[in-house]
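In the two complexes below, chain A is the common chain; its partner is chain B in one and chain C in the other.
And then the complex of A and B:
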């Protein structure tokens, strides 16, 4: 491509625009004047030879990539613009009011608009800009034009109000990278006077249509009495169908609006009521889906084929939409064309969203951090989208308190299993304890973000947790030193700090565990790396179990044993009857992780599979890359690549069969299930772990019997049962 | 478009017929641009291409078959956050009928080799999570998937940030330094941090 000709083309295109903007929009100030730069540019262009590039100091990759080539259809969305402005589009008849003088057609068109708006809204929620989705509707952009049409006007108002509400909740949550496109709304009429009345207007419209529906369903004898009610449209046979199709759409909107309002009430006070509205929304969505058949069979004019891509129930293209309407106000660069979700997919999206919101609303706002963390992890398994996740985040952290109810220090004290009277102690003024409160809040917010972002941030905050641990430990030593000089030998601060320290360590390992597990969900590990990942997971789980157990032991007052406990391996502990179920739950995973790590190691050592030689580096570098963030935060202490090699280089099938870790895991899962009858999530998890363990136990036996003899044996690791603990699949190729 | 290409038959050729050349000047630029435009989802302006090939011509390679350009790789290197000297693979493309024969591996291996010799400590790139071919290729070169980038591309698809760490002298005390680092520093480019770069991809 000839760069010079491109440049000239762009200048020619810009020249007339420049002269108009001089006169109309940007005025010269005291220190500036408008000047025609065309002759200068022309001279410069003549000086440049083909292929030459002006390279300034500040022309970096960012600048290079920000440059757009005018008239290149891949970059310049302006060249496919149909209209120069919204007004031009309206003058051209894009969005007539009323849409048709034929009342039946008018109603049909409004239903199409409503459906298309739903598809646009779902597309917006899924990560596209408001300007290209919902506000591609010209009716929304010119509020004054719809005033004469009660139905259209009230519906446009409720859409704008909903967008405003959702936009504000996402902005408030500040979830970084996801929101940048989402909340970009400048130049769009989101704050229209009168929109706050949308619900009462919509109610009036709903009431009217209900009356029309009753009128058309009334037996002929009574119909006379109702004659003063003007029907919705002219075709009596279709009256009932259209009234119903409109009613379910209007009612869905109404309830959805209420859901958003209820969920934003402080301290979760509106959650119960929100659930009722969520149930209504879901049932109206069902009715909307059922109206499809009626709408398709009576659609006016010619229809698109009943393809899956259609954005309305009727299959007819909605009137009043143009995706490029806002291309001139959509910064920072012209948007590229996007694909609006289909009507069916949009309904599916809203069903999912409502289901996820319902999970949030049914949560009992438990003051225990343990319960909360399990709830959030479970919630995230459903892979909720941004709008559901920000609702959770804003519920969890309000005014620096948990659910806006419990001071964060009270939550920590509870989590560390200290008595609540501690809240009156001076310890809460300790600057590191205050900082700890901040990093707990930070962690809660991170846990509500999408899995990709969440993992990156969790990896980073491990440093903070490590740093606060070190600080608190110093404070503890200081207190303890001072305390021991006191005659009565009691030092409350030191005791409290000790509890908090144990809990901080436990929590740090919990984060590290989640960091490793999310790597599986995000598909960050390749089979040749599974061995080191399971080994690391095993090491982290061991420490997590140790710390959790220590916390329980210390708080139960069995202080005598605590020095010894630390050194006991949880494997031995598991055999003792008094091991708490929560620890056994971890123990089961420890066995699975260890079993998988050693099986993978044995496969490499004996069958020479799953090795990946590289011309550029060794496994050592891969180890550093994967666990760099954990290693930096000393999680765990004294763990490094040589320790991994040491524990895996001698793995053999013969010893794996002798000591079958999977059998242990299976046994523990089976035994401990009874302790979780009241906890359906963990019970379900245990059942899956048991299944994986049983399967893998058999696989180990098969491989050790025939593996070395049969070169055609293929062993693969698949996540068919559990997202993180692989099922070992053995096949003959 | 996609379908037409799929139906296109695989080109018959011998691996020895492929000729690899380092970027040789302006006459190579249209060849690179045409290939990338055809095959990659992201639209790049001519400034982007020139930015790479003018500053790091030694890191760009082209593959020719009987005079026709069938593959290319475009890269850069520089200080990342003032701490790591990092190579970056910006574009790697092989014409569809020529895929699956090791051309991309050869191209990218040559670039990585130069990066290593120039004192890079690591090499990174981004690839769409749906691009199985690229992921397999970099997997064989033992790039690890460092992180997943949510909806990184304009088409809404997630990306993986892939990374290859070169052996560090402190880990292998007997290895000599790969190259004189000062020589490499000449190519410092004041480039934005990689995270900023990713924002850029998303917003363009």
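And then the complex of A and C:
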């Protein structure tokens, strides 16, 4: 950049004599003086041989390499670029108040500032530091200076208050490990006195502008009555346009502020109201977008760039911004120059954010963990950004309770399909049950993080789940051993533990399943590894289905015991014999995973394609790299690389055609769809699964018929329909 | 034997060539050093290392800057730790010493 030229300029300004004045103000120690060492050092440099250093005994070249290099633009955040300080920048006229004495220009400039702030805010949300984005605005940094300008002042206040609210919600959630720059607000005026009144001030300003708008729209006959209203600016032809442009921007801010406060209400009490504000926000954003044309055509002066990169609607550079103002307090970020999102991208970001927040608000706070987990997984599919995810997390876990409403043990008991009466039972004092509650909360929080972080953490917590299972099982044995010998009533806790144990296993497999699926989303698997991944997915899904089914039958069984007097109608019996739709849903995925694993194995065994001739590591090593965390937690038991080899080495097309797994999957999907008419998400998923299954079943037939004969046949696996179940594409090259 | 002799004599020669001046500069190590640079900032730290090119490393350095460039006014400071000041941006360099030392240490030629 042009730091070299500024460097030169500053060099001229700092004559050598200036340095003495400063060195005299930095005191030497008592009885000592600052002696000029430059001539000596200069001579020394000539004397030193190449590569020779002057250093003491404690010198260490490695340590010295970590020294911060002064004046290196990538390391030295303190370089004095344009301004030595914010005050100097302001004295230099960076951020005048009022911006212009011409009221029209003043209004235009304020709209630019508002737009630029929106772009900065979006950039902040996307992971840059607050100091380099929103607070690159000098008006925000000196709150007392804007006081005389009602519009500017109220807007600055609302921006600071919004940043503070978002910052605090993100730090409360503590899921920003990977986005840790976000909450760095050291040295920035986030807690300005008077900012809490921002909304009432903004309301007053809004009211005033809407009056001005009404005045300018009134017919000439009535205008006299309204003459006491001072117009927003001087050019009558532009009055309406500017009033409208300002109003939609102010209203957006106002509603956005409300959205944030409503969503933070405990126990999700503000969600309904939040949705109304979200809807208003989105509609105001639409009006903001439409104001672009008017603002561009009337921009003062010339617009330097009409490109897509512009950060304001008018295309004019906003006044009062300098990213280097805070470079020193933006530490620990390296002083990189960052690119502020364009105005259009910023609006797009906020539309997405609001849409994601709306999804959260429309969730009905279902006490069932099953429903909740499906909701979170579905929500994450839209890849929401940090701010939206954080809101979800804080909604889910409040005061150690689900939504701040249901004690986590009650949630577990419900998930394990035990009757609610058990809440009064001693079981909740069992230390392992209490621990279980903790790891459930932990899991919920992890599920709200970004995909990469989530996968890593899920892999790690699998061991906790395994450990708690083992502990609970021990406790169960103990209870059962003692209980059976004594009274019958004592058996109750053993029964409860048995239910919980089954559920813990099911949940563990659910986590393992999500861990594997996230690998597809993150594109961690290469085509030569698909075979082992699908095979592992298949074994995990089988266990998941087993445990879920077991949980259902056990709980149905105990319910039946309770209601023994009820007549066993033949209808009930028929229902019992049928496999529940939730299991069939899993069954369909099992068939797909198994089919894909065997198809891939057959391709490798017979056509010698998709083998993995990596010179760096063997297949076994890669198996371990991918599934180490699952293997460590014994998920599932007795599953290892040899068992994978064993079950795939004999795969042949002849057998694949005889028993077409994809046909099965397709059949199941078709049958079970009717059971999910009330569940649009799973219904949509089933339709996609059916599509993949149908497609792949045809592909298997094609490959087995012509594959061996036609070497030009190319088989590839693409995720065109489903994010994790590949569609087999057969092409002749 | 002869080789060894040669080496020892050459190191001796090197030592004698690392003249008075260099050893005088060595005496400055660990002293407080104040370095001014082009953009007007100053760095105060203990002298840690210097190479032939005149690049200086200071330990436990503190950065000082004027909040206004035009008039020497209030100073801002912050701690930086280990820093490397390239000779190209150095404009001044002072060491902390007593008055007597000042004469003996820095007089040369």
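Rule of thumb we're sticking to: the second predicted complex is superposed on the first by the 625 of 733 C-alpha atoms of A that agree within 3 Å, B and C clash if a C-alpha of one lies under 4 Å from a C-alpha of the other, contacts with A are read in each partner's own complex, and residues count from 1 in each chain.
Everything that follows uses one rule, which is that a contact is a pair of C-beta atoms (placed from the backbone, for glycine too) under 8 Å apart; a residue touches a chain by one contact, two chains touch by 3 or more.
Note that the structure is a prediction, hence the values are computed from the model and not measured.
Using the contact criterion defined above for the overlaid structures, shared-chain residue A:41 touches chain C, although it does not reach chain B.
In the superposition on chain A, A:450 makes contact with chain B only, not with chain C.
In the superposition on chain A, A:618 makes contact with chain B only, not with chain C. Looking at the shared chain after the overlay, A:348 reaches neither chain B nor chain C. In the superposition on chain A, A:71 contacts chain C only, with no contact to chain B. Contacts of A:385 after superposition on the shared chain: neither chain B nor chain C is touched.
Of the two partner chains placed around the shared chain by superposition, chain C is the only one that A:29 touches, whereas chain B remains out of contact. When the shared chain is aligned, chain B and chain C each come close enough to touch A:63. On chain A, the surface patch touched by chain B in one complex and by chain C in the other comprises residues 6, 50-51, 53, 55, 59, 63-64, 66-69. Those residues of chain B that touch chain A in the shared complex are 26, 29-30, 33, 37, 43-48, 50-51, 54, 76, 109, 112, 116, 129, 139-142, 144-151, 154, 156, 158, 160, 163-168, 171, 189-192, 196-197, 199-204.
Residues 14, 17-19, 21-22, 24-26, 28-30, 32-34, 36-44, 48-54, 56-57, 63-69, 72, 75-76, 78, 80-99, 101-102, 105-106, 108-109 of chain C are the ones touching chain A in the complex.
On the chain A side of its complex with chain C, the touching residues are 6-7, 10-11, 13-14, 16, 18-23, 25-26, 28-29, 31-45, 47-56, 59, 63-64, 66-71, 78-80, 84-85, 87-88, 91, 328.
Listing the residues of chain A that touch chain B in their complex gives 1, 3, 6, 50-51, 53, 55, 57-69, 72, 74-75, 126-128, 177-178, 180-181, 332-333, 336, 450-453, 455-456, 522-526, 528-529, 612, 614-618, 620-622, 624-626.
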